[in-house]
Amino acid sequence: MSADKFAVIRKSAYEANIRLPKLGLILFTFGNVSVADRNLGMFAIKPSGVSYDELSPESMVVVDFDGKVIDGKLRPSSDTLTHAVLYKKWTNIGSIVHTHSTYATAWAQSLRDIPIYGTTHADHLTCDIPCASPMDDNMIQGNYEHETGNQIINCMNWKRLDYGEVEMILVGNHGPFTWGKTADKAVYNSAVLEELAEMAFLTEKINPDAKRMKESLIRKHFERKHGPGSYYGQ
Amino acid sequence: MSADKFAVIRKSAYEANIRLPKLGLILFTFGNVSVADRNLGMFAIKPSGVSYDELSPESMVVVDFDGKVIDGKLRPSSDTLTHAVLYKKWTNIGSIVHTHSTYATAWAQSLRDIPIYGTTHADHLTCDIPCASPMDDNMIQGNYEHETGNQIINCMNWKRLDYGEVEMILVGNHGPFTWGKTADKAVYNSAVLEELAEMAFLTEKINPDAKRMKESLIRKHFERKHGPGSYYGQ
Amino acid sequence: MSADKFAVIRKSAYEANIRLPKLGLILFTFGNVSVADRNLGMFAIKPSGVSYDELSPESMVVVDFDGKVIDGKLRPSSDTLTHAVLYKKWTNIGSIVHTHSTYATAWAQSLRDIPIYGTTHADHLTCDIPCASPMDDNMIQGNYEHETGNQIINCMNWKRLDYGEVEMILVGNHGPFTWGKTADKAVYNSAVLEELAEMAFLTEKINPDAKRMKESLIRKHFERKHGPGSYYGQ
Amino acid sequence: MSADKFAVIRKSAYEANIRLPKLGLILFTFGNVSVADRNLGMFAIKPSGVSYDELSPESMVVVDFDGKVIDGKLRPSSDTLTHAVLYKKWTNIGSIVHTHSTYATAWAQSLRDIPIYGTTHADHLTCDIPCASPMDDNMIQGNYEHETGNQIINCMNWKRLDYGEVEMILVGNHGPFTWGKTADKAVYNSAVLEELAEMAFLTEKINPDAKRMKESLIRKHFERKHGPGSYYGQ
């Protein structure tokens, strides 16, 4: 199989990965982006433990949706199986981002959903940002990264959330995962999540009795940007 | 009508918009500046959802004070009608800025006025920074952006504030709006508001019993910079 | 009187002023540095309300220790009389810095001294950083900036602090003033104060029962850097 | 003894030192890195009180493991004896870093261990980050920097921690020390510690009832990166 067919997703994954430190979402190697090619049924992902300065499109590792390495000289991110599970189940997503960004990770460590306190949040999703519970010990001791993907999907299903509308989640005690149809959107979602996490933290400190925003305002703002009557953007 | 007559406000709006990310007040496209020409009865505003990197003077959209697009190839900011209402009612302002800056937005989400705790605040205004209540559901479901403008004006009137003295407000659950005679002043006010919001947050965390500054000191600092006996600046 | 004799303090004041925004201590024009020439009995200070980008050595205003402008085309900082009072009373200082840096100002707004919680603090001074009370109304309505200088001196005297050992103070509801023998030291003290203010804030949030550091450790650290047996530096 | 034999550790110490301000871990001269040559039984360390801008490989001071200066024109860091004690006792470390980074120092001032709240922490160590108690007065008044080294070692021993697994500690009321086999690792550990300290602070503010992460998850994450079955990195 010629490596040429992977050039597009490798370039896209490389460019998305190097945006993470520029957006202040990554310390050292604490994160990774993958980009999928749905026709090939494969994705390109950051190699494990390699500094963002040293990445190149060629260093991205190509993996199939079962997590099998197809092409690349390096070992893929240790979180690769989590990405694979999500791509396999959620057939409309094209990119996944995982970071340990400061505020989002603090919420994950707090084991709390991030309440929807304002329109900045509602411009992107209409519910609290979910925090998946830490896994049972047998899942942790089993195929851990694979089970992390399952835990994310189970949490979304249990809360009846649509992965096409809610493109971000916290994994309890771990950190945030975001996704989207494109790499741009998945990276964008990571930065938005970090900002929402900081704003929600501050909101509760300023007013310990702060309430979730009311439903009518949530709906209005989400529908400005999304859905049939939207009028945001070009 | 020749587009040339819009060149000045387009350039001014463009330059003011691109200052927002440099001042750390904007993530992605979360904000907008407009600049009015009072003779024309029109203002230039950022196009909706366009990245700050991709803006140009030509991309600014010219709109009249009823919110009707007069000139420009792109769709104007989704907040355009809020700007239009304010320009129509407040005949002495020349520019309006809306951001989702982190601390100011957190106060807006907390539904609290920002108390006047120090001279940094009193150098700019003599009262708490007002937070307008979230709108009633019928306003939200009606002409939302237009009603946002009305809500701002009603809050100012109800609190008996003069828009020429108090050039900033929080819209509850949403975020800050600032204005001024010039684009420079309106942008300046946005950065000042963000700083005051952070300082007030910290003040309350350091001393939960912190009190508003006394009136004599508020008056003194405001009058140093404003009014007939002012002696600040050149 | 030839302006040449002021060239040294003008250059020094200019260079010190432009360091403030680089150190993150200043938003817009919220601060000023002055540098004194003890032989001339005068100091050079930032002009009022002029942006840091537009400063030059020539724009610095030369003032005597009674606050009378001796040389310069612009109006001096509105805080000039505060500087003058301090230079007149404290005959060993050569430079004064005033900022509205975020954390130090929040402590000033909280009307609290900053407790000495660690060796970073004790490396610079052996007591809590004092916060002078807000002035009485008659002082505020009188010669305000002059009285601000008096309030600083009175607070230091009342707390029996030596201005040669304690080179920083908060003015309640206002913000920090620092000083030193040289402009470098006075600017250094402003940055140190801001760091100590942030660390003390965090310390109390992490441990609400945090205690001041014990005296033996305070003494040891201060004496490492200062006094006859010091062994810090070259 | 020819100075040439010190060229490698001097260059390495120099390069590690100048990384500290770039990583945001240092204000002015508040920190130091040393790098050891185990064959020579010596280490190169930052000179005391010299600005990071003015450092060069040649300015690094070479000291033996008893703290005696062997080569160099400048006085070594005032913390040199602490480094010496650690190198002498812990024969497998090659570099030591000391900073006063903001969040880690705030925890040190709080006299609290940093609880292990998430996988970011467990990726690096499996226990809370220890905070050594402030020393007794006789230790403070004795050979202070030497005793600081002893206090670190005693704390590690008392808590039964292996310096090869736990490469970071807080010294109560003072600040963080980190170490590693290489300068890169020791500097890396300082930046990681600062990030963990900020995340833990936020976690407790978001959820005052936050619990330490469970043991099974701690083990899993540590073993992903360390030990015989590790699969992180290349």
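In this document, chain identifiers A, B, C and D correspond to the written order of the chains, with residue numbering beginning at 1 in each.
Everything below uses one rule, namely that a contact is a pair of C-beta atoms (placed from the backbone, for glycine too) under 8 Å apart; a residue touches a chain by one contact, two chains touch by 3 or more.
What you see is a predicted model, and the numbers here were worked out from it, not measured in a lab.
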Can you list every chain that touches chain B and also touches chain D?
A, C
Using each chain's Cα centroid, which is most distant from the centroid of chain D?
B
Same or different residue numbers at the chain A/chain D copy interface, by half rule:
different
Tell me the rotation angle, 0 to 180 degrees, that brings the C-alpha atoms of chain B onto chain C, to the nearest 5.
90
Chain C and chain D have mean C-alpha positions lying a whole-number Å distance apart equal to 33
Mark out which residues of chain D touch at least two other chains, giving numbers and ranges.
205
Considering every pair of chains, which are in touch?
A-B, A-D, B-C, C-D
Residue positions on chain B within touch of chain A in the complex are 27-28, 30, 47-50, 74-75, 78, 100, 102-103, 105-112, 134-135, 137, 140-141, 144, 173-175, 201, 204-205
What does chain D use to touch chain A in their complex?
117-120, 188, 191-192, 195, 198-200, 202-203, 205-207, 210, 213-214, 216-217, 220, 224-225, 231-234
